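Shared chain: chain A. Partners: chain B in the first complex, chain C in the second.
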Partner chain A sequence: MKLLDVAFKDMTRSFRSAFALAFMFGVPIITAFIFFLAFGNVGSGEITLARTKVQLVNLDSPSVAFNPATVEMPEGFEGADTAAGVESMGELIANVLRSEGLAEIIEITETGDAVQARASVDGQEAGVAVIIPAGFTDAVLSSQTSAEIEFYQDPTLTIGPSIVKSVVGQLVDGFTGAKISIAVALEQLEAAGVQITPEQMQTVVTHYVQWSTEQSQRGTGLEVRAPQVPDAEGEAPDWVAAMIGTVLVGMMVFYAFYTGTTSAQTIITEDENGTLPRLFTTPTPVAAILGGKYLASGLTIVVQLVVLVIAGQLIFGIVWGNWLLVVVSTLLTAAAAATFGIFVMSFMEDARQAGFIYGGVVVVTGMLGMVSVFTAGMPNPPTGINTAALFVPQGWAVRSWTLAMNGGTVSEGLLTVGVLLAWSALFFLVGRARFNKRFA
Partner chain B sequence: MGNGYAIEVKELHKDYGDVHAVQGINFTVERGEIFSLLGPNGAGKTTTISMLSCLLHPTAGDAWVMGHSVSQDPMAVKETLGMVPQEIAIYEDLSARENLTFWGKMYGLRGDALRQRVDEILEMIGLTDRQKGRTGKFSGGMKRRLNIGIALLHKPQIIYMDEPTVGIDPQSRRKILDSVLDLNKQGMTVLYTTHYMEEAQELSDHIAIMDHGKIIAYGAHEELIKIVGELDRITLTLNMESAGVLDAWRALEGVKTVSAEDGTVHLFVDDSNLVLPHLFETANRSDVRITSVAIQEPNLEAVFLHLTGRALRD
Partner chain C sequence: MRILDLALKDLYQIIRDWKGAIFLLAMPIAFTLLLGFVFAGVDEGGDARLPIAVLDADGSPLSQELIALFDASSVIAPGWVAETSAADLTELERQVVDGNVVAAVVIPAGYSDALRGESNAPLQLIADTASGTGSVVESEIQRLQTRLRSAVAAARLSVEALVAADPATYGSETAQTAVFDESLAAALVAWDTPSITLAETGTGQEQEAQEEESSGFSHTSAGIMVQFAIAGLIGATEVIVVERKSRTLQRMLTTTLSKAGIIAGHYLAMFVMVFAQLFVLILFGQLALKVPYFREPVATLIMVIALSLFTASLGLLISAISKTEEHTIIWSMVLMMVLSGMGGAWMPLETTSETFQTLGHFLPTAWAVDGMKNITVRMLGVNSVLMPAGILLGFAVACLVAGVVLFRTE
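What follows is the complex of A and B.
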């Protein structure tokens, strides 16, 4: 009973602190709201991005005549005039970049001079230059040679060049796949004593590119599951709400750990202010006093997360996915954050030291844990960067919430649940042992 | 153990590594009396009171509070005592009533009994009208009163007050001293620590003078005064240091002790009226001028000076 009294007292104090409330609720919601204003166009859900100026240099001229009739462009790239005038694979890429689907976000200027194109980027007249080398088609059709499309971008720009790079990369991936397929097919055909003509080879390549592009459009190949968030009509997925959901998850986890650490810091500050020693002079077991403080920390974070989840749904229309996993994520994030705070604070000598050190620990581990949030919008995040987040509990908490938002189930998240439980148990046992020793 | 005493302390030690904070002290406190631990800062008073309230484990020895051993039965000890710490220990973001309610629960009070007791304490400490205000906005005196009120919630048999008047204005100090006397009149045993000689002298039935972790004198006020006998204490300030003058004064008839400290000379003499003219005469012969003179009747300050050669407020 006294344990609950201590917990209630601590929670009352926490929720009376304007400073604590600001960091528990204000900052995460405001941060998500800033993203909402920046990308959400408040209410319409439409994207408002400046068009990226692209300098396109197509130097490709195949040694064998290219057959355009076999190419039909997949959904999303309609409008590219693929049926006529396409004489090379470089031209095929150019047509895709000229397509109506991309016209709202990129503005193509074509030139035959690669040096001039790079100069335009250097002079910030264009955001990116795409330079398709001579012999690109021949390189694709040959198993002996290779070629590179040069992607020259303004380093100060991110989103526009990333989109262009993603589109070109998708097509080049298709060509590369085709090249490998052709090499394998040729070996098989030669082994069977069959010879194919260059025209037949073109047909194989173009079919392969069309097929691979369609597969990635339809998501029937290797699937990357995105958050399922309905738009205002509740029909199609809303990527803005999904992105804000990802941001809010990052903020929730970061500030849950912040709350856990500041809550645990009250053990040190109460010790210095004399209220903790005074508590120890009352007929209340030390275990009930410290246990009450640990419980208050955990419950405060649960309240914080529940409020943020509800706010996220009501304000930003975030659909949190599997509710059972959301509940599990809430409890485990609270457990991990509260015990993390106890663990960190058990090493602090005094409040002054705690103020300096825990801020650094929370920020560094929090940032590392949110790597997957930062890289969510990157088309090609550096290999292994998301794995780095799993070295800290925040990374596992983000993973748990992300899985819930993506419609994952508790059984799919068993590893994450287990790891979060293990982190919590480890932090609690070490932190409790150190505090018990200090206050024995 | 305990032998009917409110507190019985036997060979109590507390060491912090090589530092011997308390070195084998012994004393007893009768039920219903006010007992003061008097000594300068760092004498070991707070360490002693911390061991008696089970905040610190003794390195050796033991103490019994209302018959309960602080080493063997700390929970029973805690139920008998109320602690008023040196620093104000309240939650400044809670109201006075919320503070008292929380601390009452920590002392095991619940329901109507708790509410009634909180009302009584608020009345007693004069904060009924301010009970809903956040204590962070209270004056220092109001916080001090609340600090004391918390210790009285469970009607303890003994109350420990660890230098409760440090750093407060004379008016608040007077109120606190009066409240200590009132509590004692109600039958409560009070263990009081202070480095103010006047407080110990006014309040206490018995006094233990502590210095460097040891009790150097122990008894009732009158008994302690007898240590310096009927000697008068003369305090002089000189315009220059002169070992020759001090030696000459030591040789004078009626002068018992002479000690010099920071330009001030303390003398214990049989009769200040007889000795004082000779002190001036000797100083004049050595071309030393006496710039101030103070004569005091025997008191605890004199006892401490007599026993340690230092002033109590060092």
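What follows is the complex of A and C.
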């Protein structure tokens, strides 16, 4: 009974502290909210990116007639509007970049000065400059000359420029394809000893144009769709909610261990303030006092995790997956975090060392344990980086929650459960032994 | 002189504990390495290409040619090539959902005929193209398919031209197949050295070629440095709060030291601490990680001074509003997380939404990271850091004024 009284007193104190509440609930939700703000609108399930500012310099002015039908257009630009009436390949590229389909991701500014365009990128006023050289069309139409479109980008940017590069690159490939196709056909005729007449050359070009037109009418021959392995409710997964869920799991585990440490710190501060020695003079057994503190720590973390799970579902639409495993993960994370706090605080000589404990031990082990959260979006993370997380209990806790979110079963998580229990037992035994020795 | 004595006393108090040094230096170094390996993909032993899965339902020489193009790509790596079955398709999707591969490509039956213009059987790409890696894979698949399609077009044109020119020799299917294969091979070879190209260049590339290369750690180094400069305030601000609680500040006022002198002494200690911390981290970044901070030493010095002044001012403000040691820890950590997270210290702001980028640039940390990257990634000079440093100084003045106004000795 005394044990419960001590636990209740400690919990009441924790939940009355605005700062404790801020760390238990405020910071994890704020951090998840930062990622929510950063990557878009969870409600729509889409990730939104900022528009890339592009400086376009078209110096192309052909001396020969250009037939836009010889070019295979990129996906979404196969219609006649983009190519209608254009007199050069430079103009065709400009039309594609200016088109409505790209307006949401590209903001075009046209200028006639390549130096100024590069300066805009250097000054971070634009992310990319696309510079189409003079005589570009002539070079494409000639079998002897080559041409280069300059793609000048801010090296700190990757996504926006890669989109622009992809569009321009597809057009360039279309030009190159035409040039290579016609050149190979003419080489074959030449190798076969056929005297190439202007009529034969015209026939080859005409056939290529016909083929290219047919291909354009069919589309680019690539159908793209998102993976459709259904979730528990048979619906396609919400990618942004899943990403926020991963971040929130990391934050939940990180701050659960933080709470475990702050709760255990009350043993040190109460000892310094004299409250604990006075308690020891009462008939209450030392085991009941310390046990009450341990229990308060564990229960506080359980409450913290339950609130964050509910908040995650209500605010961010996170699907937690297997609820049985969620319950198991809650209890095991609470056990590991509470005993971790007892363990590290048992090594602390006074409250002044708290900064090192929080900043050093809790942050280092917490961030190492969260490494799988950082690598979640990476298709091929460096070898062993996720294994490193398993050297700390936080890594196993994150693993347990991730398994639950992915719809795993308790039997699949037996190893994780076993390791978390082992960590908890080890922390508790060492921490309790040290505190018992200290207060003997 | 007394101000200096006070600053030296604070510094001694902060660094006499070896654990403090670990927190100030070892942790940011450890995290720069850890996150650098995670984000920069610094894994020299492995295949850095994006893994994809392929299901070849066509099983034709042309589909094999496409897989060979995938294999030779510097962007994608077909690590899992399946046979045709419904179970394979389900497994393919599972591989994408589980994140084992970035995308899956299904080469449908009849793909070869479609390439020859005899049917319509488009390639299927299963990927989250809203993600950066998904869109990169999409454009690479598109590029390689365009290459194959144009090679097939070249082969068809050759066959048609030769049949038209010499039907007696090239009328048979065997002769046409030989011409087709030869032309296809010639076209694919021609694609290796195309005459129309996209020349990629960028800010600072000339300097990069002449001097030092940008390092994969450049973003992480700058971001972690900014983050841990703020985190390092925990110990420094604690010193002031303890002095206030123990009434040491009030006792100091009984000496010839004024309130302004006390503030200046503590401020100087925090400035020197952060400056020294940043200096060591920059030295480590330059020497161990090859982040080219020293290519523009004056620009780097300007940024370090500006960041140190801002961080010291923030420290003064935190110590002014904190009543207990616990409060200093909480304020330092909350500000560290919000300023680092939203200022682009964790992830480059370009990967975030437009609103977030705008919000981020209302924070000093975004300008600190920008200024450092102007030197180490954009390879720019002193002029490029004047604005970021100026904005940091503006924030420093604002925090300093607020800190001085709110500073209490009891």
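As a convention for this text, the second predicted complex is superposed on the first by the 253 of 440 C-alpha atoms of A that agree within 3 Å, B and C clash if a C-alpha of one lies under 4 Å from a C-alpha of the other, contacts with A are read in each partner's own complex, and residues count from 1 in each chain.
Operating definition for what follows: contacts are C-beta pairs under 8 Å (C-beta built on N, C-alpha and C of every residue); 3 or more make two chains touch, one makes a residue touch a chain.
Quick caveat: nothing in here was measured; it's all calculated off a predicted structure.
When both complexes are overlaid on chain A, the residue A:A351 reaches chain C alone and has no touch with chain B. Touch criterion met: A:D173 reaches chain C, while chain B stays clear of it. By the document's definition of touching, neither partner reaches A:M370: not chain B, not chain C.
When the two complexes are overlaid on their common chain A, residue A:V184 makes contact with chain C while staying clear of chain B.
Shared-chain residue A:V398: touches no atom of chain B or chain C.
Of the two partner chains, neither chain B nor chain C is touched by A:L332.
Contact with chain B, but none with chain C, is seen for A:R16 once the two complexes are overlaid on the shared chain.
Of the two partners chain B and chain C, more residues of chain A are touched by C.
Chain A uses no single residue to touch chain B in one structure and chain C in the other.
Interface of chain A with chain B (complex): residues 2, 5, 9, 12-13, 16-17, 273-275, 277-285. Interface of chain B with chain A (complex): residues 53-55, 75, 78-79, 81, 83, 85-91, 93-94, 98, 102-103, 105-108, 150.
Of all the residues in chain A, the ones that touch chain C in their complex are 19, 22-23, 27, 30-31, 34-35, 37-40, 46-51, 72, 74-75, 118, 121-122, 124, 127, 139-140, 145-160, 162-163, 165-166, 168-170, 172-189, 192, 194, 200, 203-204, 207-208, 211-212, 214-215, 218-229, 237, 239, 351-356, 358-360, 363-364, 367-368, 371, 374-383, 385, 388, 406.
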